[in-house]
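To keep things simple, chains are lettered A, B and C as they appear, and every chain counts its residues starting from 1.
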Amino acid sequence: MNTSPAPADTGNPAAEAAAIEAIKQTKARYFRFMDTKQWDDFAQVFAEDAVMDMSGELERNGVDGSAGIVHGRSNIKNFVKDAVDAAVTTHHGHMPEINITSPTTAEGIWAMYDLVDFGPDAAFRGLRGYGHYHETYTKGADGTWRIQTTKLTRLRIEAL
Amino acid sequence: MNTSPAPADTGNPAAEAAAIEAIKQTKARYFRFMDTKQWDDFAQVFAEDAVMDMSGELERNGVDGSAGIVHGRSNIKNFVKDAVDAAVTTHHGHMPEINITSPTTAEGIWAMYDLVDFGPDAAFRGLRGYGHYHETYTKGADGTWRIQTTKLTRLRIEAL
Amino acid sequence: MNTSPAPADTGNPAAEAAAIEAIKQTKARYFRFMDTKQWDDFAQVFAEDAVMDMSGELERNGVDGSAGIVHGRSNIKNFVKDAVDAAVTTHHGHMPEINITSPTTAEGIWAMYDLVDFGPDAAFRGLRGYGHYHETYTKGADGTWRIQTTKLTRLRIEAL
(Lines give C-alpha, C1' and ligand atoms only; values in the text may rest on other atoms or scores of the structure.)
Protein backbone atom coordinates (compact mmCIF):
# COMPACT_ATOMS: atom_id res chain seq x y z
CA MET A 1 0.00 0.00 0.00
CA ASN A 2 2.88 2.35 0.63
CA THR A 3 3.92 2.48 -2.98
CA SER A 4 0.51 2.20 -4.61
CA PRO A 5 -1.71 4.92 -3.18
CA ALA A 6 -4.45 4.63 -5.79
CA PRO A 7 -7.19 2.15 -4.88
CA ALA A 8 -7.69 -0.85 -7.13
CA ASP A 9 -10.12 0.00 -9.90
CA THR A 10 -12.90 -2.55 -9.60
CA GLY A 11 -14.83 -0.70 -12.26
CA ASN A 12 -17.65 0.52 -10.03
CA PRO A 13 -16.85 3.68 -8.06
CA ALA A 14 -20.16 3.76 -6.19
CA ALA A 15 -19.84 0.13 -5.07
CA GLU A 16 -16.26 0.75 -4.00
CA ALA A 17 -17.22 3.83 -1.96
CA ALA A 18 -19.98 1.82 -0.28
CA ALA A 19 -17.54 -0.98 0.54
CA ILE A 20 -15.02 1.45 2.06
CA GLU A 21 -17.72 3.06 4.20
CA ALA A 22 -18.99 -0.37 5.31
CA ILE A 23 -15.46 -1.37 6.38
CA LYS A 24 -15.06 1.88 8.33
CA GLN A 25 -18.29 1.06 10.16
CA THR A 26 -17.08 -2.47 10.88
CA LYS A 27 -13.97 -1.02 12.51
CA ALA A 28 -16.12 1.52 14.37
CA ARG A 29 -18.10 -1.34 15.89
CA TYR A 30 -14.85 -3.09 16.81
CA PHE A 31 -13.88 -0.07 18.91
CA ARG A 32 -17.31 0.67 20.32
CA PHE A 33 -18.17 -2.89 21.34
CA MET A 34 -14.74 -3.26 23.01
CA ASP A 35 -15.06 0.00 24.94
CA THR A 36 -18.67 -0.71 25.97
CA LYS A 37 -17.83 -4.38 26.75
CA GLN A 38 -20.45 -5.86 24.44
CA TRP A 39 -18.41 -8.96 23.79
CA ASP A 40 -20.88 -11.01 21.74
CA ASP A 41 -21.33 -8.12 19.34
CA PHE A 42 -17.57 -7.57 19.37
CA ALA A 43 -17.00 -11.15 18.16
CA GLN A 44 -19.24 -10.55 15.16
CA VAL A 45 -16.96 -7.92 13.62
CA PHE A 46 -14.46 -10.70 12.90
CA ALA A 47 -14.61 -13.40 10.25
CA GLU A 48 -15.01 -16.83 11.81
CA ASP A 49 -11.44 -17.76 10.84
CA ALA A 50 -9.95 -14.34 11.58
CA VAL A 51 -6.41 -13.93 12.94
CA MET A 52 -5.39 -11.24 15.46
CA ASP A 53 -1.70 -10.53 15.91
CA MET A 54 -0.96 -8.70 19.16
CA SER A 55 2.48 -10.30 19.48
CA GLY A 56 4.12 -6.89 19.71
CA GLU A 57 2.17 -6.16 22.89
CA LEU A 58 3.92 -9.11 24.55
CA GLU A 59 7.32 -8.65 22.95
CA ARG A 60 7.71 -5.09 24.17
CA ASN A 61 7.47 -6.50 27.70
CA GLY A 62 10.21 -9.00 26.92
CA VAL A 63 7.79 -11.90 26.62
CA ASP A 64 7.64 -14.33 23.70
CA GLY A 65 4.98 -12.98 21.35
CA SER A 66 3.50 -16.20 20.03
CA ALA A 67 0.70 -16.23 22.62
CA GLY A 68 -0.41 -12.90 21.16
CA ILE A 69 -1.32 -14.45 17.81
CA VAL A 70 -4.90 -15.63 18.15
CA HIS A 71 -6.86 -17.70 15.63
CA GLY A 72 -10.62 -17.67 15.24
CA ARG A 73 -13.44 -15.34 16.19
CA SER A 74 -14.23 -17.07 19.44
CA ASN A 75 -10.65 -17.13 20.67
CA ILE A 76 -10.17 -13.49 19.66
CA LYS A 77 -13.21 -12.47 21.67
CA ASN A 78 -11.96 -14.32 24.74
CA PHE A 79 -8.41 -13.00 24.33
CA VAL A 80 -9.53 -9.37 24.17
CA LYS A 81 -12.14 -9.79 26.88
CA ASP A 82 -9.59 -11.34 29.22
CA ALA A 83 -7.17 -8.51 28.48
CA VAL A 84 -9.38 -5.47 29.01
CA ASP A 85 -12.80 -6.35 30.46
CA ALA A 86 -11.67 -5.18 33.90
CA ALA A 87 -10.36 -1.86 32.57
CA VAL A 88 -11.96 1.37 31.46
CA THR A 89 -10.83 1.57 27.85
CA THR A 90 -11.16 4.12 25.09
CA HIS A 91 -9.94 3.22 21.63
CA HIS A 92 -9.98 5.56 18.66
CA GLY A 93 -9.09 4.86 15.04
CA HIS A 94 -7.86 7.56 12.71
CA MET A 95 -6.99 8.18 9.09
CA PRO A 96 -7.97 4.91 7.42
CA GLU A 97 -6.26 3.87 4.20
CA ILE A 98 -8.62 1.24 2.82
CA ASN A 99 -7.99 -0.41 -0.50
CA ILE A 100 -10.67 -2.62 -2.08
CA THR A 101 -8.72 -5.45 -3.66
CA SER A 102 -11.69 -7.42 -5.07
CA PRO A 103 -15.47 -7.35 -4.64
CA THR A 104 -15.10 -9.40 -1.44
CA THR A 105 -11.61 -8.52 -0.13
CA ALA A 106 -9.87 -5.38 1.10
CA GLU A 107 -6.83 -4.23 3.05
CA GLY A 108 -6.41 -1.24 5.34
CA ILE A 109 -4.19 0.68 7.72
CA TRP A 110 -5.50 2.76 10.63
CA ALA A 111 -3.71 5.07 13.01
CA MET A 112 -4.89 4.40 16.55
CA TYR A 113 -4.92 5.70 20.11
CA ASP A 114 -5.89 3.68 23.14
CA LEU A 115 -6.24 4.39 26.81
CA VAL A 116 -6.46 1.42 29.16
CA ASP A 117 -6.98 2.05 32.87
CA PHE A 118 -7.22 -0.77 35.41
CA GLY A 119 -7.72 1.66 38.27
CA PRO A 120 -5.55 2.95 41.10
CA ASP A 121 -5.48 -0.36 42.98
CA ALA A 122 -4.27 -2.51 40.10
CA ALA A 123 -0.75 -3.90 39.99
CA PHE A 124 -0.52 -2.58 36.42
CA ARG A 125 -2.38 0.71 36.24
CA GLY A 126 -2.55 0.96 32.47
CA LEU A 127 -1.32 2.88 29.47
CA ARG A 128 -1.91 5.38 26.73
CA GLY A 129 -0.78 3.98 23.41
CA TYR A 130 -0.28 5.07 19.83
CA GLY A 131 0.25 2.98 16.73
CA HIS A 132 -1.22 1.47 13.61
CA TYR A 133 -3.51 -1.42 12.78
CA HIS A 134 -2.60 -3.33 9.61
CA GLU A 135 -5.66 -5.27 8.50
CA THR A 136 -7.46 -7.24 5.84
CA TYR A 137 -11.20 -7.58 5.44
CA THR A 138 -13.56 -10.03 3.75
CA LYS A 139 -17.17 -9.67 2.71
CA GLY A 140 -19.23 -12.63 3.82
CA ALA A 141 -22.03 -14.41 2.01
CA ASP A 142 -24.42 -12.28 4.11
CA GLY A 143 -23.02 -9.11 2.52
CA THR A 144 -21.28 -7.95 5.73
CA TRP A 145 -17.62 -6.87 5.76
CA ARG A 146 -15.61 -8.34 8.64
CA ILE A 147 -12.04 -8.16 9.89
CA GLN A 148 -10.07 -11.11 8.47
CA THR A 149 -6.63 -10.29 9.89
CA THR A 150 -5.36 -7.53 12.17
CA LYS A 151 -1.90 -6.72 13.46
CA LEU A 152 -1.04 -3.87 15.82
CA THR A 153 2.27 -2.00 15.62
CA ARG A 154 3.21 0.72 18.10
CA LEU A 155 4.76 4.15 17.81
CA ARG A 156 4.67 4.93 21.53
CA ILE A 157 3.40 3.74 24.89
CA GLU A 158 2.98 5.94 27.99
CA ALA A 159 2.42 4.33 31.38
CA LEU A 160 -0.62 5.70 33.19
CA MET B 1 -27.86 0.03 15.06
CA ASN B 2 -26.04 -2.50 17.21
CA THR B 3 -27.78 -5.50 15.74
CA SER B 4 -28.20 -4.26 12.16
CA PRO B 5 -24.79 -3.17 10.91
CA ALA B 6 -25.76 -2.95 7.25
CA PRO B 7 -27.07 0.48 6.23
CA ALA B 8 -30.65 0.73 5.00
CA ASP B 9 -30.78 0.13 1.27
CA THR B 10 -32.38 3.24 -0.17
CA GLY B 11 -31.69 1.96 -3.65
CA ASN B 12 -29.11 4.58 -4.62
CA PRO B 13 -25.57 3.86 -3.37
CA ALA B 14 -24.08 7.10 -4.72
CA ALA B 15 -26.77 9.26 -3.11
CA GLU B 16 -26.33 7.40 0.16
CA ALA B 17 -22.56 7.87 0.13
CA ALA B 18 -23.05 11.58 -0.53
CA ALA B 19 -25.52 11.85 2.36
CA ILE B 20 -23.14 10.09 4.75
CA GLU B 21 -20.29 12.40 3.74
CA ALA B 22 -22.52 15.47 4.12
CA ILE B 23 -23.51 14.37 7.65
CA LYS B 24 -19.86 13.86 8.57
CA GLN B 25 -19.14 17.41 7.42
CA THR B 26 -22.10 18.72 9.45
CA LYS B 27 -20.61 17.12 12.55
CA ALA B 28 -17.18 18.48 11.62
CA ARG B 29 -18.62 22.00 11.59
CA TYR B 30 -20.28 21.33 14.96
CA PHE B 31 -16.84 20.64 16.44
CA ARG B 32 -14.95 23.38 14.58
CA PHE B 33 -17.43 26.18 15.24
CA MET B 34 -17.56 25.24 18.93
CA ASP B 35 -13.78 25.16 19.30
CA THR B 36 -13.30 28.40 17.34
CA LYS B 37 -16.27 30.04 19.14
CA GLN B 38 -18.20 30.90 15.99
CA TRP B 39 -21.55 30.64 17.70
CA ASP B 40 -23.86 31.84 14.94
CA ASP B 41 -22.37 29.30 12.55
CA PHE B 42 -22.53 26.71 15.32
CA ALA B 43 -26.28 27.22 15.67
CA GLN B 44 -26.79 26.47 11.97
CA VAL B 45 -25.60 22.87 12.25
CA PHE B 46 -28.78 22.11 14.22
CA ALA B 47 -32.32 21.77 12.94
CA GLU B 48 -34.50 24.58 14.25
CA ASP B 49 -36.37 22.14 16.52
CA ALA B 50 -33.30 20.09 17.49
CA VAL B 51 -32.93 18.54 20.95
CA MET B 52 -29.59 18.23 22.79
CA ASP B 53 -29.39 15.87 25.74
CA MET B 54 -26.41 16.60 27.99
CA SER B 55 -28.25 15.38 31.10
CA GLY B 56 -25.45 12.93 31.85
CA GLU B 57 -23.01 15.82 32.24
CA LEU B 58 -25.10 17.10 35.14
CA GLU B 59 -26.01 13.75 36.62
CA ARG B 60 -22.42 12.64 37.02
CA ASN B 61 -21.98 15.64 39.32
CA GLY B 62 -24.98 14.58 41.38
CA VAL B 63 -27.25 17.23 39.88
CA ASP B 64 -30.68 16.61 38.38
CA GLY B 65 -30.14 16.19 34.65
CA SER B 66 -33.30 17.77 33.31
CA ALA B 67 -31.64 21.17 32.81
CA GLY B 68 -29.25 19.44 30.45
CA ILE B 69 -31.99 18.61 27.94
CA VAL B 70 -32.24 21.62 25.67
CA HIS B 71 -34.88 22.22 22.98
CA GLY B 72 -34.39 24.34 19.89
CA ARG B 73 -31.45 25.64 17.90
CA SER B 74 -31.32 28.99 19.66
CA ASN B 75 -31.40 27.52 23.15
CA ILE B 76 -28.79 24.92 22.21
CA LYS B 77 -26.45 27.63 20.98
CA ASN B 78 -26.86 29.62 24.19
CA PHE B 79 -26.49 26.52 26.37
CA VAL B 80 -23.22 25.46 24.75
CA LYS B 81 -21.89 29.02 24.55
CA ASP B 82 -22.60 29.57 28.24
CA ALA B 83 -20.89 26.29 29.07
CA VAL B 84 -17.62 26.64 27.16
CA ASP B 85 -17.14 30.10 25.65
CA ALA B 86 -14.71 31.01 28.44
CA ALA B 87 -12.66 27.84 27.98
CA VAL B 88 -10.10 26.67 25.48
CA THR B 89 -11.78 23.61 24.04
CA THR B 90 -10.79 20.91 21.58
CA HIS B 91 -13.39 18.37 20.52
CA HIS B 92 -12.72 15.46 18.19
CA GLY B 93 -15.13 12.95 16.73
CA HIS B 94 -14.08 9.48 15.70
CA MET B 95 -15.36 6.36 13.99
CA PRO B 96 -18.82 7.43 12.80
CA GLU B 97 -21.50 4.81 12.28
CA ILE B 98 -24.03 6.62 10.12
CA ASN B 99 -27.12 4.90 8.82
CA ILE B 100 -29.31 6.61 6.23
CA THR B 101 -32.86 5.68 7.24
CA SER B 102 -34.72 7.57 4.47
CA PRO B 103 -33.81 10.19 1.86
CA THR B 104 -34.16 12.90 4.53
CA THR B 105 -33.39 11.13 7.83
CA ALA B 106 -30.40 9.37 9.33
CA GLU B 107 -28.99 8.16 12.64
CA GLY B 108 -25.43 7.95 13.82
CA ILE B 109 -23.02 7.17 16.64
CA TRP B 110 -19.62 8.87 17.09
CA ALA B 111 -16.82 8.18 19.52
CA MET B 112 -15.57 11.47 20.95
CA TYR B 113 -12.78 13.13 22.90
CA ASP B 114 -12.99 16.57 24.44
CA LEU B 115 -10.58 18.76 26.33
CA VAL B 116 -12.06 21.73 28.19
CA ASP B 117 -9.69 24.10 30.00
CA PHE B 118 -10.94 27.13 31.95
CA GLY B 119 -7.42 28.15 32.90
CA PRO B 120 -5.34 27.98 36.08
CA ASP B 121 -7.38 30.61 37.92
CA ALA B 122 -10.79 29.02 37.42
CA ALA B 123 -12.64 27.36 40.30
CA PHE B 124 -13.18 24.38 37.98
CA ARG B 125 -10.07 23.93 35.85
CA GLY B 126 -11.59 21.57 33.31
CA LEU B 127 -11.51 18.03 32.00
CA ARG B 128 -10.50 15.53 29.38
CA GLY B 129 -13.44 13.38 28.40
CA TYR B 130 -14.24 10.31 26.36
CA GLY B 131 -17.58 8.99 25.21
CA HIS B 132 -20.10 8.64 22.42
CA TYR B 133 -22.61 10.88 20.71
CA HIS B 134 -25.88 9.18 19.77
CA GLU B 135 -27.57 11.31 17.12
CA THR B 136 -30.23 11.67 14.47
CA TYR B 137 -30.08 13.94 11.44
CA THR B 138 -32.58 15.48 9.06
CA LYS B 139 -32.13 16.94 5.60
CA GLY B 140 -33.83 20.30 5.29
CA ALA B 141 -35.76 21.74 2.37
CA ASP B 142 -32.54 23.60 1.46
CA GLY B 143 -30.75 20.27 0.96
CA THR B 144 -28.56 20.65 4.07
CA TRP B 145 -28.22 17.87 6.65
CA ARG B 146 -28.51 19.09 10.24
CA ILE B 147 -28.37 17.54 13.70
CA GLN B 148 -31.91 16.74 14.85
CA THR B 149 -31.13 15.08 18.20
CA THR B 150 -27.89 14.46 20.07
CA LYS B 151 -27.16 12.71 23.35
CA LEU B 152 -23.75 12.35 24.95
CA THR B 153 -22.77 9.29 26.98
CA ARG B 154 -19.42 9.01 28.74
CA LEU B 155 -16.82 6.29 29.10
CA ARG B 156 -14.40 8.31 31.20
CA ILE B 157 -13.67 11.77 32.57
CA GLU B 158 -10.26 12.98 33.78
CA ALA B 159 -9.99 16.20 35.78
CA LEU B 160 -7.45 18.64 34.36
CA MET C 1 -16.27 27.11 3.43
CA ASN C 2 -17.75 28.36 6.70
CA THR C 3 -20.80 29.81 5.06
CA SER C 4 -21.23 27.29 2.24
CA PRO C 5 -21.43 23.83 3.80
CA ALA C 6 -22.75 22.07 0.71
CA PRO C 7 -20.03 20.69 -1.54
CA ALA C 8 -19.74 22.08 -5.06
CA ASP C 9 -21.96 20.11 -7.39
CA THR C 10 -19.67 18.82 -10.09
CA GLY C 11 -22.50 16.77 -11.53
CA ASN C 12 -21.10 13.34 -10.66
CA PRO C 13 -21.74 12.23 -7.08
CA ALA C 14 -19.82 8.96 -7.40
CA ALA C 15 -16.74 10.68 -8.82
CA GLU C 16 -16.91 13.31 -6.10
CA ALA C 17 -17.16 10.69 -3.35
CA ALA C 18 -14.15 8.89 -4.83
CA ALA C 19 -12.17 12.15 -4.95
CA ILE C 20 -12.98 12.95 -1.31
CA GLU C 21 -11.92 9.46 -0.22
CA ALA C 22 -8.70 9.71 -2.25
CA ILE C 23 -7.86 13.03 -0.57
CA LYS C 24 -8.50 11.55 2.86
CA GLN C 25 -6.05 8.77 2.02
CA THR C 26 -3.48 11.29 0.81
CA LYS C 27 -3.68 13.04 4.17
CA ALA C 28 -3.52 9.67 5.93
CA ARG C 29 -0.23 8.96 4.17
CA TYR C 30 1.03 12.43 5.16
CA PHE C 31 0.55 11.50 8.81
CA ARG C 32 1.73 7.90 8.58
CA PHE C 33 4.89 8.59 6.59
CA MET C 34 5.82 11.42 8.97
CA ASP C 35 5.27 9.32 12.08
CA THR C 36 7.11 6.31 10.63
CA LYS C 37 9.87 8.57 9.20
CA GLN C 38 9.50 7.39 5.60
CA TRP C 39 10.63 10.70 4.19
CA ASP C 40 10.78 9.86 0.48
CA ASP C 41 7.21 8.58 0.58
CA PHE C 42 6.27 11.61 2.69
CA ALA C 43 7.51 13.96 -0.05
CA GLN C 44 5.23 12.30 -2.60
CA VAL C 45 2.02 13.36 -0.86
CA PHE C 46 2.81 16.95 -1.89
CA ALA C 47 2.52 18.53 -5.32
CA GLU C 48 5.94 19.45 -6.67
CA ASP C 49 5.20 23.17 -6.21
CA ALA C 50 3.34 22.77 -2.91
CA VAL C 51 3.52 25.42 -0.17
CA MET C 52 3.56 24.62 3.56
CA ASP C 53 2.83 27.43 6.00
CA MET C 54 4.00 26.63 9.52
CA SER C 55 4.69 30.30 10.31
CA GLY C 56 2.44 30.14 13.34
CA GLU C 57 4.70 27.50 14.90
CA LEU C 58 7.53 30.06 14.90
CA GLU C 59 5.46 33.11 15.76
CA ARG C 60 4.07 31.62 18.94
CA ASN C 61 7.67 31.40 20.17
CA GLY C 62 8.20 35.07 19.37
CA VAL C 63 10.20 34.32 16.22
CA ASP C 64 9.55 35.84 12.79
CA GLY C 65 7.37 33.33 10.96
CA SER C 66 8.66 33.76 7.41
CA ALA C 67 11.10 30.85 7.72
CA GLY C 68 8.09 28.66 8.39
CA ILE C 69 6.68 29.19 4.89
CA VAL C 70 8.27 26.53 2.72
CA HIS C 71 8.02 26.25 -1.07
CA GLY C 72 8.35 23.03 -3.03
CA ARG C 73 8.05 19.33 -2.27
CA SER C 74 11.74 18.83 -1.70
CA ASN C 75 12.10 21.76 0.69
CA ILE C 76 8.97 20.70 2.57
CA LYS C 77 10.36 17.21 3.06
CA ASN C 78 13.64 18.58 4.39
CA PHE C 79 11.89 21.13 6.60
CA VAL C 80 9.66 18.54 8.28
CA LYS C 81 12.43 15.95 8.49
CA ASP C 82 14.74 18.46 10.17
CA ALA C 83 11.99 19.41 12.60
CA VAL C 84 10.85 16.00 13.82
CA ASP C 85 13.08 13.16 12.59
CA ALA C 86 14.75 12.97 16.00
CA ALA C 87 11.43 12.84 17.86
CA VAL C 88 8.82 10.19 18.45
CA THR C 89 5.76 11.74 16.85
CA THR C 90 2.13 10.80 16.58
CA HIS C 91 -0.14 12.92 14.41
CA HIS C 92 -3.86 12.37 14.00
CA GLY C 93 -6.31 14.12 11.71
CA HIS C 94 -9.98 14.40 12.51
CA MET C 95 -13.27 15.55 11.05
CA PRO C 96 -12.29 16.49 7.49
CA GLU C 97 -14.37 19.06 5.61
CA ILE C 98 -13.35 18.44 2.01
CA ASN C 99 -14.93 20.38 -0.83
CA ILE C 100 -14.28 19.35 -4.43
CA THR C 101 -14.01 22.65 -6.31
CA SER C 102 -13.33 21.21 -9.79
CA PRO C 103 -12.43 17.80 -11.24
CA THR C 104 -8.77 18.47 -10.33
CA THR C 105 -8.91 20.86 -7.35
CA ALA C 106 -10.25 20.72 -3.81
CA GLU C 107 -10.02 22.46 -0.46
CA GLY C 108 -10.24 21.05 3.03
CA ILE C 109 -10.04 21.66 6.76
CA TRP C 110 -8.93 19.04 9.30
CA ALA C 111 -8.88 19.11 13.06
CA MET C 112 -5.57 17.72 14.30
CA TYR C 113 -3.68 16.44 17.33
CA ASP C 114 0.06 15.96 17.50
CA LEU C 115 2.42 14.63 20.10
CA VAL C 116 6.11 15.38 19.58
CA ASP C 117 8.61 13.94 22.07
CA PHE C 118 12.36 14.56 21.76
CA GLY C 119 13.07 12.48 24.85
CA PRO C 120 14.06 13.25 28.44
CA ASP C 121 17.56 14.48 27.56
CA ALA C 122 16.51 17.05 24.95
CA ALA C 123 16.71 20.80 25.66
CA PHE C 124 13.14 21.03 24.37
CA ARG C 125 11.23 17.93 25.45
CA GLY C 126 8.27 18.37 23.16
CA LEU C 127 4.57 19.11 23.08
CA ARG C 128 1.00 17.95 22.66
CA GLY C 129 -0.82 20.20 20.23
CA TYR C 130 -4.30 20.81 18.90
CA GLY C 131 -5.42 22.81 15.91
CA HIS C 132 -6.57 22.80 12.31
CA TYR C 133 -4.98 22.27 8.92
CA HIS C 134 -6.33 24.52 6.16
CA GLU C 135 -5.44 22.95 2.83
CA THR C 136 -5.90 22.78 -0.89
CA TYR C 137 -5.36 19.75 -3.10
CA THR C 138 -4.70 19.13 -6.77
CA LYS C 139 -5.11 16.01 -8.87
CA GLY C 140 -2.03 15.37 -10.99
CA ALA C 141 -1.82 14.06 -14.53
CA ASP C 142 -1.18 10.63 -12.98
CA GLY C 143 -4.61 10.71 -11.34
CA THR C 144 -3.21 11.11 -7.81
CA TRP C 145 -4.48 13.77 -5.42
CA ARG C 146 -1.71 15.67 -3.62
CA ILE C 147 -1.48 18.45 -1.06
CA GLN C 148 -1.02 21.77 -2.87
CA THR C 149 -1.05 24.13 0.11
CA THR C 150 -1.29 23.56 3.85
CA LYS C 151 -1.40 25.97 6.78
CA LEU C 152 -1.56 24.98 10.43
CA THR C 153 -3.45 27.04 13.01
CA ARG C 154 -3.44 26.16 16.71
CA LEU C 155 -6.09 25.99 19.40
CA ARG C 156 -3.77 24.86 22.17
CA ILE C 157 -0.24 23.68 22.95
CA GLU C 158 0.79 21.74 26.07
CA ALA C 159 4.46 21.36 26.92
CA LEU C 160 5.49 17.76 27.50
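Just so it is clear, contacts are C-beta pairs under 8 Å (C-beta built on N, C-alpha and C of every residue); 3 or more make two chains touch, one makes a residue touch a chain.
Everything quoted here is computed from the prediction, not taken from an experiment.
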item: Pairwise touch network: line, ring, star, complete, or other; value: complete
item: Interface residue overlap between copies chain B and chain C, same or different (over half shared); value: different
item: Chain B and chain C, separation of their C-alpha mean positions in angstrom; value: 25
item: Multi-partner residues of chain C (at least 2 other chains); value: 14, 17, 92, 94
item: Footprint of chain B on chain A - complex, ascending; value: 14-15, 17-18, 21-22, 24-29, 31-32, 35-36, 38, 41, 88-90, 92-94, 115, 117, 143-144
item: Chain B to chain A touching residues, read off their complex; value: 2-3, 5-7, 13-14, 16-17, 20, 92, 94-98, 109, 111, 113, 130, 132, 155-156
